[in-house]
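Quick one: the structure is below, questions incoming.
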Amino acid sequence: MALREETEQETGAPPPGRRPTTRLGVGMVGYAFMGAAHSQGWRTAGHVFDLPADPVLAAICGRDRTAVEAAAARHGWAAAETDWRALIARDDVHLVDICTPGESHAEIAVAALEAGKHVLCEKPLANSVAEAEAMAAAAERAAARGQVAIVGFNYRKVPALTYARGLVADGRLGALRHIRATYLQDWLVDPEAPLTWRLKRERAGSGALGDLGAHIVDLAQYLAGEPLVGVSAVSETFVRERPLPAGPAGTADRTARGAVTVDDAALFTGRLASGALASFEASRMAAGRKNALRLEINGELGSLAFDLERLNELSFHDHTEPAVTAGFRRILVTEPGHPYLEAWWPPGHGLGYEHTFVHQARDVVRTIAEGLPPEPSFADGLQVQRVLAAVEESAARNSVHTPVPFQEVP
Amino acid sequence: MALREETEQETGAPPPGRRPTTRLGVGMVGYAFMGAAHSQGWRTAGHVFDLPADPVLAAICGRDRTAVEAAAARHGWAAAETDWRALIARDDVHLVDICTPGESHAEIAVAALEAGKHVLCEKPLANSVAEAEAMAAAAERAAARGQVAIVGFNYRKVPALTYARGLVADGRLGALRHIRATYLQDWLVDPEAPLTWRLKRERAGSGALGDLGAHIVDLAQYLAGEPLVGVSAVSETFVRERPLPAGPAGTADRTARGAVTVDDAALFTGRLASGALASFEASRMAAGRKNALRLEINGELGSLAFDLERLNELSFHDHTEPAVTAGFRRILVTEPGHPYLEAWWPPGHGLGYEHTFVHQARDVVRTIAEGLPPEPSFADGLQVQRVLAAVEESAARNSVHTPVPFQEVP
Amino acid sequence: MALREETEQETGAPPPGRRPTTRLGVGMVGYAFMGAAHSQGWRTAGHVFDLPADPVLAAICGRDRTAVEAAAARHGWAAAETDWRALIARDDVHLVDICTPGESHAEIAVAALEAGKHVLCEKPLANSVAEAEAMAAAAERAAARGQVAIVGFNYRKVPALTYARGLVADGRLGALRHIRATYLQDWLVDPEAPLTWRLKRERAGSGALGDLGAHIVDLAQYLAGEPLVGVSAVSETFVRERPLPAGPAGTADRTARGAVTVDDAALFTGRLASGALASFEASRMAAGRKNALRLEINGELGSLAFDLERLNELSFHDHTEPAVTAGFRRILVTEPGHPYLEAWWPPGHGLGYEHTFVHQARDVVRTIAEGLPPEPSFADGLQVQRVLAAVEESAARNSVHTPVPFQEVP
Amino acid sequence: MALREETEQETGAPPPGRRPTTRLGVGMVGYAFMGAAHSQGWRTAGHVFDLPADPVLAAICGRDRTAVEAAAARHGWAAAETDWRALIARDDVHLVDICTPGESHAEIAVAALEAGKHVLCEKPLANSVAEAEAMAAAAERAAARGQVAIVGFNYRKVPALTYARGLVADGRLGALRHIRATYLQDWLVDPEAPLTWRLKRERAGSGALGDLGAHIVDLAQYLAGEPLVGVSAVSETFVRERPLPAGPAGTADRTARGAVTVDDAALFTGRLASGALASFEASRMAAGRKNALRLEINGELGSLAFDLERLNELSFHDHTEPAVTAGFRRILVTEPGHPYLEAWWPPGHGLGYEHTFVHQARDVVRTIAEGLPPEPSFADGLQVQRVLAAVEESAARNSVHTPVPFQEVP
């Protein structure tokens, strides 16, 4: 204990209790990495934030009964299902949380929305623009019935990035000139890393582009508050064959090999609607970079810089300062006045990756209970999908500048 | 979702389920900042780690019934008590978790141990050496009966620091020469910050020394694997009167003022048993430093550096490298091979402050269930208390070098 | 004095004296920023390094007699000329050092080479590929006569980058996957910054592209040891009119305005001969970035990172290390075993920007005196020019991937 | 060339020429590391700054004729002497620059002042308080005759630190609370490093204390603008025997060993006149730290941080900013408005260690020519000496707090 808060002995004031009597039953499909992260979010949000409804971990769904029951026990879900249609059909499920690979997003999400459920869907929204369009259209129809559809771009919920958006929206950067964004990992540097579903186009849609690039495209548009209107891209698959996975998850059978059918890396430049220039790089082949989502935005009045490997920090340069005292300042985004921080720890006591899912859970609950506009919406997810498609088209067409269609969901 | 793990669809292998049938009932006294943090630890550990027993949030205790019931609801405790003796007496409480100010630690801990309960006690262990000695003696007696007593030096559970201890123990630093440790905060820079219980000697024991200094003394001894044998100290109270708190916690009544009776800052040098030199600084008056627990250790073969504001990183200099390629390397302590990390997220997806409490909960459960030696033990807490007392004695005696008695608990 | 070296009193050993009896007369054209920097290089190199010939600051040339005589006095040149042809013709000038804007490089360099002089020419080599080809051809002919022609890509002479090249050449990075390079400044963020010659195409050739982009293109090819074979580019001029300069250099006449005819920023992706992907960004509109030439190279066995704003440091990640101890290490490139460092200060006593010109002077003198291959050669400069031309062509043609012709100078 | 300055072709305005007709003859004693650094300062200052007098490298002095003549040739001195009394006697020497070990400072400095010469003396001023007092008294007498005596605390001339002093003096930090200063190197980590004169008390006075500690004591007092009034210290010699040097400087004879008679490390706390607390650590045994002079100052309104290994940067936290946008900002101290920078390169084009000697040369020349108060004066050097003596006394007396006498030079 190294801090400043008071006990009740001091003040006699009771801490705020737990008020909601409404319950929001959550049904989650998938229970791998994202399932674990979402579970932690659902379990924790109500203990930290004052929520207008109580999220309840009603049921979890996976195809293998033994495995899904073990996951339910591990992650704290009250029931287990092996058919996502059965999950959707449950009366105690009000929200369907989709944590499966991209190939099944559209089918599950549309069915859930049609069934009158709210939906939280992992990113990227879908494996194609057509699927994403169908999903956005379903979300639009459902919205008219009071349902919420949100896409899980969880990095918008990093307090430093939420706060960064506020600084841009408040005009602290002035007219934007540049965005540069990289998302670098290194788990495919080893040519003997196994050929998992993430390396197959039919399952994952794309490689680094959809997995990592989708995040930085979304963040660029979110932070700038405007869409990309065109891109020019290159991509590469450096290691074209990898050993098939064998036995327990993640280990490789070194004798049998299969083709990698997605990109290892994708680079693209782009233009924002305002005329600002952007550059993007997504790669799983950057040795030593573990989760290096780095962003920099330069405007006429200031600049911002961020690195996900140091997610409690935001660098801000105020160009209106006198030159002799100006410089990028390292803001520890852990003050009570920063987004989400009122509910957490004292200044300097940092948060981690998983807190983005707690914040996402809070925001989903509030959006549903208070009738707020969904954010990020399926329309936002569709817009990202259009950018990814334009990137793939440009890469296939000799990098030629490729417009990103931008239109309202009908 | 930006990662590499496999779903069960890929491999057919079920995730490890939740096996324990043993339940470990926890009763917690106090529910302010530390109570919230400990609650998060108890709630989460079993969902993340494979534990030999299930921690159950049985009951929480505080003096004000309304407040403690609200806290129970908020933090997920099954019952509420207003008398800590009643809490100890409950059959469903096997472990008493003490999160109160230091003045009550000794009485509660000794009583709980005498009543046959395991104890986890927040740091510093006590407000005086005499209290700490009584507690360590009680722990020693209880150990003979199979009970566990652990002191909550949670920063030992930061993976980077646990790992640092391993590097030192493995001899990667060789003979130690220097430890330098600071723990700097800035919440008392403002002379109008209110006079809370933390600024009163009778409640808190000491100021920055016990609150912050205790952590860095413990870490220095933990990382080095040897005790401090003497210290020389200065301390200061820069702002000697502050407004009394008024109304809700943390706000100040600007008209009435009271005396600050603890230190704002304490600095001391010390010698370790091996002859290495150490320096320490604890302050709540370091503007801009929010939670700057910084450590550096220099040995004949290498050095380590750490900053709690970037807790996922450890800097390591290997002095056996050729000079032209040597340098402090920034290790992201987020690899599966790092302590505690096998249960968390993929590389680079960092943890936060509260994870130390999840790790502490895991270690407490395992220590009890598997009969491991308690760590950090009450004897460790007593040793820290002796250092703090020697610091105060030296500061009161013109900084003269003051030996730290070191002896086994009888 | 805070260091370790010995005085002669200790050892009796004399410091190495100054041996060369050969003199290398330098004649410099231009005396603005680059002239000052080159002067410092020529004045200093012989006092620091053991050189095989003594550089002598023979004559400096500029069009205005008063100004050039003042510059000669200021910078330590023995004589002043107002006609560069006269400078070339001087018997005491053996090397012509060209520090003028790009428009005059070709004419002066070719004339100097034809006149039998060695040439050091500032970068970019020329304002067009045609000019650069003529220069490279002249250099080739002159080489046959024993003359040296070198282009002033001074950043190759930053010890950290020279050392980085060595690590790549030694295979410490393995097969290269990525290079990302930015060179960001902010002196054009202010829309009222004046319209200097650097913003006019007819004088400067291009804007950020030639000024900043040329450096990072050269460094990428130098560090990788292979050429770029194609690029895809966008560029922009954000502020299209600026006030004309009025009165003393750098001040603006706010009433009269003129058109900016070069780029404010240029972004491009590229492929190296080996298949590695590269990204580049040059901008003078990145608020808060003063001289941010940042490079990162990722290979199969390791990675390097560098930032010119911290030029004494090189970050190196050795991917062959165990994952738990691996990380980017900050090498202070100030050890005696690092390039150029044997002649400078003890470890940790860093160098600055201008030292690149001292090193360049050393290398030019040694190349001439010892008959070494010129590096960077005019052929290297031509190759950079071809990349710049391909960038401009791609930017003009909708970013389409544009091959970079690569051929030996005939 | 990557910048913004104009050539004369653009503006017609001549660069400022070299005006001084006065010459200041410098005679330097000693030519090891400090001699090389001072030479670079004297050679360069007049080419960069507008000076009121021309420094002339008149003569250099050392005991070995061959060695000193080689040094004269290498470093650009017009003449060589083997007797410092002869050097002082030369008519062309107006300023004596003392770069010898501390044992001879007092004798040479007093003789030079008595002979009517200005003096620049390396730090620490002397090997004892008595010597320093004699020197300060001689300086006082000489000042009455218009002579200047300056001590070579060159780090005051790092632009970031000069600027830091200005921020403190301007009240940007408010009342000071803390100074913490370390100066860490690692060249004695290896127990086989040879026993040079720096490790013998009779030559060097003390070890890390005088060599490194003197710098941080001076800087603390300089930056704070107030003296230390008392200290409490520990020191240690970790390696008590080392091989004797053999043959060329710096190599060791591994068979013969001698005693180290100075400290490897010294740590001390202190109080400033205002009541602020300070901590200091000087060590040559900190593996991986090459030249880590690190300073932090915390005041009621703000904080500063500095690291000599990144000497172009100053970190500044403005505590009057709103908490949500406050943070340590990294000021690149390379703007035209920063101290000394008007004469150097464009923003972001950093300086190095040796520039402190160019700035020192500039300041010495200006002080002499313009009758400015000497800074740092011999009285400043004496004050540092008193602190060092109090540190040694405290370390010898069980770390007891030891007052630092503070009095005007009589």
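To keep things simple, chains are lettered A, B, C and D as they appear, and every chain counts its residues starting from 1.
Heads up, the rule we're going with is that contacts are C-beta pairs under 8 Å (C-beta built on N, C-alpha and C of every residue); 3 or more make two chains touch, one makes a residue touch a chain.
Chain by chain, the UniProt names read as follows: A, B, C, D = Gfo/Idh/MocA family oxidoreductase.
Remember, it's a predicted structure, so these values are computed and weren't measured experimentally.
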**Asked** So which has more C-beta pairs touching, B-C or C-D?
**Response** C-D
**Fill in**
Across the interface between the identical copies chain A and chain D, with over half of residue numbers shared counting as same and under half as different, the residues used are same
**Request:** State the superposition rotation angle between the two copies chain A and chain C, fitting on C-alpha atoms only and giving a multiple of 5 degrees from 0 to 180.
**Result:** 180
**Prompt:** So which chain is the furthest away from chain C, centre to centre on CA atoms?
**Reply:** B
**Message:** Which of C-D, A-C or B-D has the same interface as A-B, meaning more than half of the contact pairs match by residue number?
**Reply:** C-D
**Complete:** Chain centres from averaged Cα atoms put chain A and chain C apart, in whole Å, by 42
**Request:** For chain B and chain C, let me know how many angstrom lie between their CA-based centres, rounded off.
**Result:** 53
**Complete:** Chain-centre distance (mean CA atoms) for chain C and chain D, in whole Å, is 33
**Message:** I need the residues of chain D touching at least two other chains; which ones are they?
**Reply:** 289, 317, 326-328, 332, 347
**Item:** In the complex, chain A residues that touch chain C
**Value:** 177-178, 180, 182, 184, 186, 189, 191, 232-234, 236, 238, 265, 267-269, 271, 275, 277, 279, 281, 283, 285-289, 296, 298-303, 317, 319, 326-328, 394, 398-401
**Asked** Which positions of chain D touch chain C when the two form their complex?
**Response** 1-18, 30-34, 37, 39-40, 43-44, 47-48, 62-64, 66-71, 73-76, 99-101, 122-123, 152, 183, 185, 187, 196-198, 211-212, 215, 245, 247-250, 289-292, 308-312, 332, 334, 345-355
**Fill in**
Seen from chain C, its contact residues with chain B in the complex are 163, 316-318, 322-332, 335-338, 347
